[in-house]
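We just call them A, B, C, D and E in the order they show up, numbering each chain from 1.
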Amino acid sequence: MTTKWKQSCKAFLSDKMATTGAIVILFSLILAVFASWIAPYNPNVVAEGSTRLMPPGTEGHILGTDQQGRDILSRVIFGTQTSLISAVIPVIIAAIISVVLGVIAGYYQGFIGNLIMRTMDIFFAFPAVLLAIAIAAILGPGLLNVIIAMVIVRIPYMTRVVYTDTLQESQKEYVEAAKAFGIGDIEIMFKQILPNVLPSLIVYSTTLAGVTIVTVAGLSFIGLGVQPPTADWGRMASDGKKVLMQGYAFVTFIPGIAILILSFSFSMIGDGLRNALDPYERSKAKEKKKISRKTSQHIA
Amino acid sequence: MNVQSALNTESLLKVEGLSTKIKTPEGVLTVLEDVNLTIEKGEIMAIVGESGSGKSMMINSILQLLPKTLLEAYSGNIEVEGENLFAIGEKKMQEIRGKKISLVAQNAMTSLDPSYRVGKQIVEIMLEKTGLTKEQAKEKALNLLEQMGIDDPKRIFQSYPHQLSGGLRQRVVIAMSLACDPDLIIADEPTSALDPTVQLQVLDLFQTINQQFGTAILMITHDFGVVARIAEKVAVMYAGQIVEKGETADVIFNPTHPYTQSLIKCIPNLDWVFDKGAGKKPLWQIKGEPPNLMNLSQGCRFFNRCHVAKDICQSTNPLLKTVKPYRNEHSVRCVLIGGGNE
Amino acid sequence: MKKKNLIISLLLSLVMILSACTGTSSEKSGGSKKGGELIIGMESEADVLDPHRAGGWVTMRITNQMFEPLIGEDLSKSSKEESVPELVPVLAKSWEVSEDGKTYTFHLREGVKFHDGTDFNAEAVDFNIKRLTDKKFEYYDEIGAGRTFRTWKFFESSEVVDEKTINIHLSSPFSEFPRMLAQINSLQIVSPEAIIKNGNDSMGENPVGTGPFKFSERKRGENITLVKNEEYWGEKALLDKVIFRPLSDSASRVLAIQNDEVDIIAVPPPDSIENLKDQGYEVVSGTPPHVWYLTFNFDNKYMKDQKVRQAINYAINREGIANELLKGTVNPAYTIQSPGAANYSADNKWYEYNPEKAKELLKEAGLENGFKTTLQTSVDGSGQLLPVDIAEWIQRDLKEIGIEVKLDTQEWITYYSGYSDGMASDVGMNQMSSGRTSPYFLSMVAHSEFVAPGGFNSGKYVNPSVDKLLDQASTSTDESKALELWKEAEAMIMEDAAFAPIVNDSAPYVVNSRVKGFVIPSEEWYTLAPVYIEN
Amino acid sequence: MLRYVLSRILSTIPVLFGVTIVVFLLIQLIPGDPAKSILGADATPEAVEELRNNMGLNEPLIVQYGAWLSQLLQGDLGYSYTLHTPIIEELMPRFVNSLILTVASMLICVTLGVILGLISALKKGSFFDKASMGVALIGASMPVFWIALMLMWLFSIKLNIFPVSGMYNMRNPGGFMDLLHHIVLPAFATATVSLAVIARLTRSTVIDILQKDYVNYFHSFGLSKSKINIVHVMRNSLPPIINISGLQVGYIMGGALFSEVVFNWPGIGQALYVAVTSNDYPTIQAGILLIALTFVVVNLVVDLLNVWLSPRLQDSIKAE
Amino acid sequence: MKEDTLIEVQGLQKVYSGKRSLFTPSKKVTAVKDVSFSIRKGETFGLIGESGSGKTTVGRMILRLIEPTNGSIIYNGQSLRDLSNKEMTSLRKEIQIVFQDSGSAFNPRKTIGAQIAHPLKKFGENQDPQFIHQQVLKMLEVVGLRADFFHRYPHELSGGQRQRAGIARALILKPKFLVLDEPVAALDVSVKAQIINLLIDLQKEFQLTYLFIAHNLDLVAYFCNRVAVLSKGEVIETSSTIDLFNNPKHEMTKKLLSSILTLEGDLGEVYKKRSVI
């Protein structure tokens, strides 16, 4: 590990909020992987002797049971699976695609760059949530389709981030130096420029992962998310609205809090990473303020 | 104010034993140590130093512009016309800024608000700091611009900063610094970003201002050429300390501190160009790099780079000693010349 | 379900009968109470208010207040009073059928005017018929025709005899024709003048009919307001104004009635009903023609076996679903025929809960060790109740007899539009909720003519004997004969166990107690003419 | 300048064109048959085929696009599959209602967001700063529908302060005050996330401007802090804040879908929700298109506003 | 072309097409109008001019980092503009550039050693890692950097050290011709001299030819044999340093010369003095 990364790690770990966020994510990862061992009940079936809407604190059901009598704790635990998958996978895929598009567009500019970025502009005309809804509505509900929708929706934003960074980096003299040695474009783009673009993309992706959890929950609310009976926080929260009016707020409240905690943790890590990658990032951040304004619409 | 201090008001600015400590993530840093300076009314003084020598900290200390989050502590004294800046409180300090002492910023481009016409920015200062009406302020601003050698002051008045060339911008900033008729202008490397031809014009402008308004000027620079051109007195700074000060001619033609000597010798000698027989002399160079203030050794701060250093320099912290006590004070911080403590 | 199509509507403004029967009210209190403004919280936004084009019951419940058919159903009696709404004359004061059963003669009511002031007459009826049947007609309406085609299955021609008499000629006897005319999406009479003046599309935006309520205004997403038709030909409505308010979220509907923002709400969440009753609201329900049933896939190797189908039928605890899961808002269903139809009898029960019998049957089929299969269901949808919960209940019940059921859940419309495509051979069964007051419903679900893909017989159930019975029944000219035939067909279908009926919705409405005269007949819709608000 | 405005307006044409293509293609990707959707699952195959022909669904894609676009240009958004009405009639009144909600949400998130961000920036590192930024981040981590549900639970059910649904009290509509009473909860629910975004951006922008040379320079003249903050810091923070606020319009229109559904607000979002759940593709198509167009217009306005606010941009435009 | 000419630039021109808008035709910006000069083997050729005069663009065009709009560049008898990319790549070993230290001349994410080694790894004949490592260490020594700088990151170096590393990188493939693009402009006075001395030493050691781009004249006067003065994209005067300083012909040149600040005041004073003598 290079000293730079060591420094960044140190800075990150000294950030209490970010570390807490990382611990929460790690914890939820463990929950997701070992859900079947950890969860006290089958999340999709009413346990023997359970009745509907047992309040939190009931013996055997710490977080109570839902409107069908299923154990909420178990459903929350299993819900980490879909939440993590739907948050992380689309962001990773979108990041990979965006890196290619953004680096090429930023490095070549001209016709290719214009073509890519103008295409992205078209997608910026759609509020991200609506675009996701439209795509998911057309593809039909289901986890895979949610992932596809989120990938499509995230690409323009991430591409823009990569593009701006690449644009700046490619004007720097170390790139000219590489060109002066006759080093090929591909190598310059992906070996020289990319490492400098990645940190801010990682920061952005982390934040986006948090946002994506929230967006996916929104899709679930509309019925476009993961299909029942699979435990999914967004759907749990929106299904709970049926009994919300009768005073059973916890059915909605608990999964919502789970979404909040996970999403918040990703944001904290994002913030922590941003600070940790300082001061190098800060100088860059200034240059690209203009763009970050555009991209801060990401929360969508 | 008692009689004694009233007598002392002769000096416009008097800095005595000033040390400035700031907070950094790595710990407390002493950026200025034991700085002594006096500027009389109507005088042009230069401070010469390379990056990291503490020139900017000087300005921030004098105008007390260091944010609380950054400042650890001051020690020593700064007096303006006999008033101790550390004692007068923020309100009075606000009075002094702009009216008594004003600043010519280093980078004129970034020091003007891009959203307003430059005239408005000059007028704004006048309106707040002086009792002028809007019309009076505008008239005065136009006058000032004209005095800055600007041909078309009305147009410039109506321009936005980005519409002006570097030289014009610098003139506007100088005009701004004169808005409230200050007694002292501190000019922070006002020409380092300019093309050589423009640099010369701006330097001349400072001289004109000095002569015309009797304004004292503290010129911060890294270039002895600039010093030679306009300053009457000069102080050479190295690593947060003044290492040599005196009348310009004395310092330039009789540099005493090894650092000053080196700096002056670093300037390329052009004799070979004009005197065909002269031939090129190798360029004088100082070895090494300026020290990191974070980990200073106890002795002389120039020790590592010094071409005449002796063992004693490594262990003894030199004091600023007068080497030429008569007529024009010329003092040097070097153990080998003036001696030191410990 | 959004049995969105086809059924008839009727405007029940048979006011005379009404005032007599429901008479609890109007007479005693005299004029003082007969007014008021009624707000109904609907389960979704209505679609187009053109009665020919309307696609859902939600809309038909509104258009039904403004439009009238020639023959209607008596909606003034609750399901308990009358399990099948009686056919009554509305805009036709009487009608006759020819000997061969192919010609219907309608004698039209006199003195009827449309809301726009134009006269109702035989020409108007003819215009309406042409709008739905005659492709060459200037005002032919494709969508309307598409929605009402079942009524016109045997239609040949119409003939204006005189100002107040019209003949309709059929190509074959059609015993259910009068009942079909009384259904929604049939021959509700719209004002020809309005269409001639403003075009076919205008009827949806500005409906003009003959009913006891007139259209006032519509704010999309907010409300549809009807006002009393002061010029009504019969007994006038009691309410001054009716506001239909779409509240698609069931919880919001509950809250809205609790906050007194609405007077009546449709489809309350089952969980809320006890609560609301305790708070003094009335829960009105009936036995509308609705059945939630499983369709077995005859392409599936297990489901081909009649014994397996019967075993599944026996294995499901319908009482449990109705009372425990759905809190008594539904009744267990033991026949595929939906309530409200003449041939329906609650006493006709097939396959009452008997898991032992089910296991036995499986054993006979050679499947004592059980098998795995898939059940497709939607996640929600109109009339679907709580489809996933019900499916999960069934999943548990079937596990008891060794059948492992995998649930394949789909979003409603995807599911609904795929339903008529049929099932892949690895899918064991799917599920639907539907129903008609006409026994013709049996043909829709079980006749080979409607086999998927393209028809409503999603399981591809084909039994020539059933087909024959159904055909005879629908073309019979003798009503009682037809009834017998329908019953015979029903029994045969149930013996085949082509379906597993699960529950019948009782369509509960929660009503503020000051609302009087609101009755749920054995239909998917109701009349508001006798309703009033008690001060 | 006028020329720039014109050319900027014209430059949205390719974007709009692209938007129509995307929207059109989206709908083409749908499996299933629109004709069938219109007629219902139990329609006869013949009827379906006939409708397909009449709807032009058997034409090549490009012909269909052309036809669709030319209809669009005439203000015809097509027919709803499920409502059987011209979509424009369905959406336009709702569009107005959505705009009302959007404007209310914008008012909330811009005023509160800017105030919060400004105070946090000026008191950087203070408890207020940390607390409000923490809350802002939490606010941005919640699904809108959930915020809406929780607000509804607390304020409508538990405290019974605000109505649960709708825009007006149906029984006795009370004009503006009634609207205000109804709009509070949905507007707040919609605004939360944007409020957080605006607060965070305002904070970072102001902190950034506070570090600018010219701000320090004006300090060196002894100008009062509050005046510098107002005249210089706020003025220069304005363009980014306006920019982000403009972008929030898009987010708010997206988020409004959720609060409209929860609070039964008769807006375009609610119509979209219904369209999505009933696979009414033409309505989805039209709704998305309408919102995208609005968003493009808002962005255009924001861009022009920024140019108007930035002398530098104006000049670079003149130079072009 | 004379025997001893290493590089000859003829009528070099660079026109940037500005952004086109719907209503205005694209506006063209001429960065370099007409530049011609030739550099002899082993000499240091100065290119001076005020900011915006196009001097940096000329430097970049010689390396074909920027494609010229017009004109020819003849290096050692070969027209650079006619070379294929492949041929140009092999020629790049001979022509190198040292940038002004702006902190961005090195990739911040890679060690100094790796970056100096990079061209060797790419184009060197001997690919033995040990050999490459040795070469880099040798080069570090040549430019006066300790071996432990090999593993450092650019931001851990001071400006002067980075500039030395930049020179090392440029020299690693043993080039014949170096473009020095304001290599000391951002450095402190005390460090400036170190770098100039280093460059002078290296020139002797490796028989290098320099194109020295600068905006202030004192260093040019000291460092260069011949000078071309650039103004608004055009060469207004080319001559030997001595001639130029003693006998400036163009007004602009005179103005530039008189702006040199010396310890005795500006050079104008010197001229006055000399003319008196």
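One rule holds in what follows: a contact is a pair of C-beta atoms (placed from the backbone, for glycine too) under 8 Å apart; a residue touches a chain by one contact, two chains touch by 3 or more.
The chain list, named the UniProt way, goes like this: A, D = ABC transporter permease; B, E = ABC transporter ATP-binding protein; C = Peptide ABC transporter substrate-binding protein.
This structure is a prediction, so every number in the text was calculated from the model and none was measured.
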> Among the other chains, which touch subunit C and subunit D together?
Replying inline: A
> What shortest step count links subunit B and subunit E in the network of chain contacts?
Replying inline: 1
> Counting C-beta pairs in contact, does A-E beat A-D or the other way around?
Replying inline: A-D
> Which chain has its C-alpha centroid at the greatest distance from the C-alpha centroid of subunit B?
Replying inline: C
>> Could you work out how far the Cα centre of subunit B sits from that of subunit C, in whole Å?
In response: 92
> Roughly how far is subunit B from subunit D, going centre to centre by Cα mean, in whole Å?
Replying inline: 53
> Where the centres are mean C-alpha positions, what is the separation of subunit A from subunit C, in Å?
Replying inline: 46
>> Residues of subunit C that contact two or more other chains, please.
In response: 249, 252, 255, 380, 411, 414
>> Give the residues of subunit A touching no fewer than two other chains, as numbers and ranges.
In response: 140, 223-224, 241, 244-245
> Considering subunit E alone, which of its residues make contact with at least two other chains?
Replying inline: none
> Along subunit D, where are the residues that touch subunit A in the complex?
Replying inline: 14-16, 18-19, 21-22, 26-27, 29-31, 137-138, 140-146, 149-150, 152-153, 157, 193-194, 196-197, 200-201, 205, 208, 240, 243-244, 247-248, 250-251, 253-255, 257-258, 261-262, 272-273, 276-277, 279, 281, 284, 288, 291-292, 295-296, 299
> Hey, which residues of subunit E end up touching subunit B in the complex?
Replying inline: 50-51, 158, 160-161, 188-194, 196-197, 200, 215-219, 221-223, 241-242, 245-246, 255-256, 258-267, 270, 274
> Considering the complex alone, what residue numbers of subunit A touch subunit C?
Replying inline: 44-45, 52-53, 67-68, 140-141, 223-224, 227-229, 241-246
> How about subunit C: which of its residues touch subunit A in the complex?
Replying inline: 249-252, 254-255, 258, 269, 271-272, 275, 379-380, 388-389, 392, 396, 407, 409-411, 414
> In the complex formed with subunit E, which residues of subunit B make contact?
Replying inline: 50-51, 166, 195-197, 199-200, 222-226, 228-229, 252, 262-264, 266-270, 273-274, 276, 280, 282-287, 289-290, 305
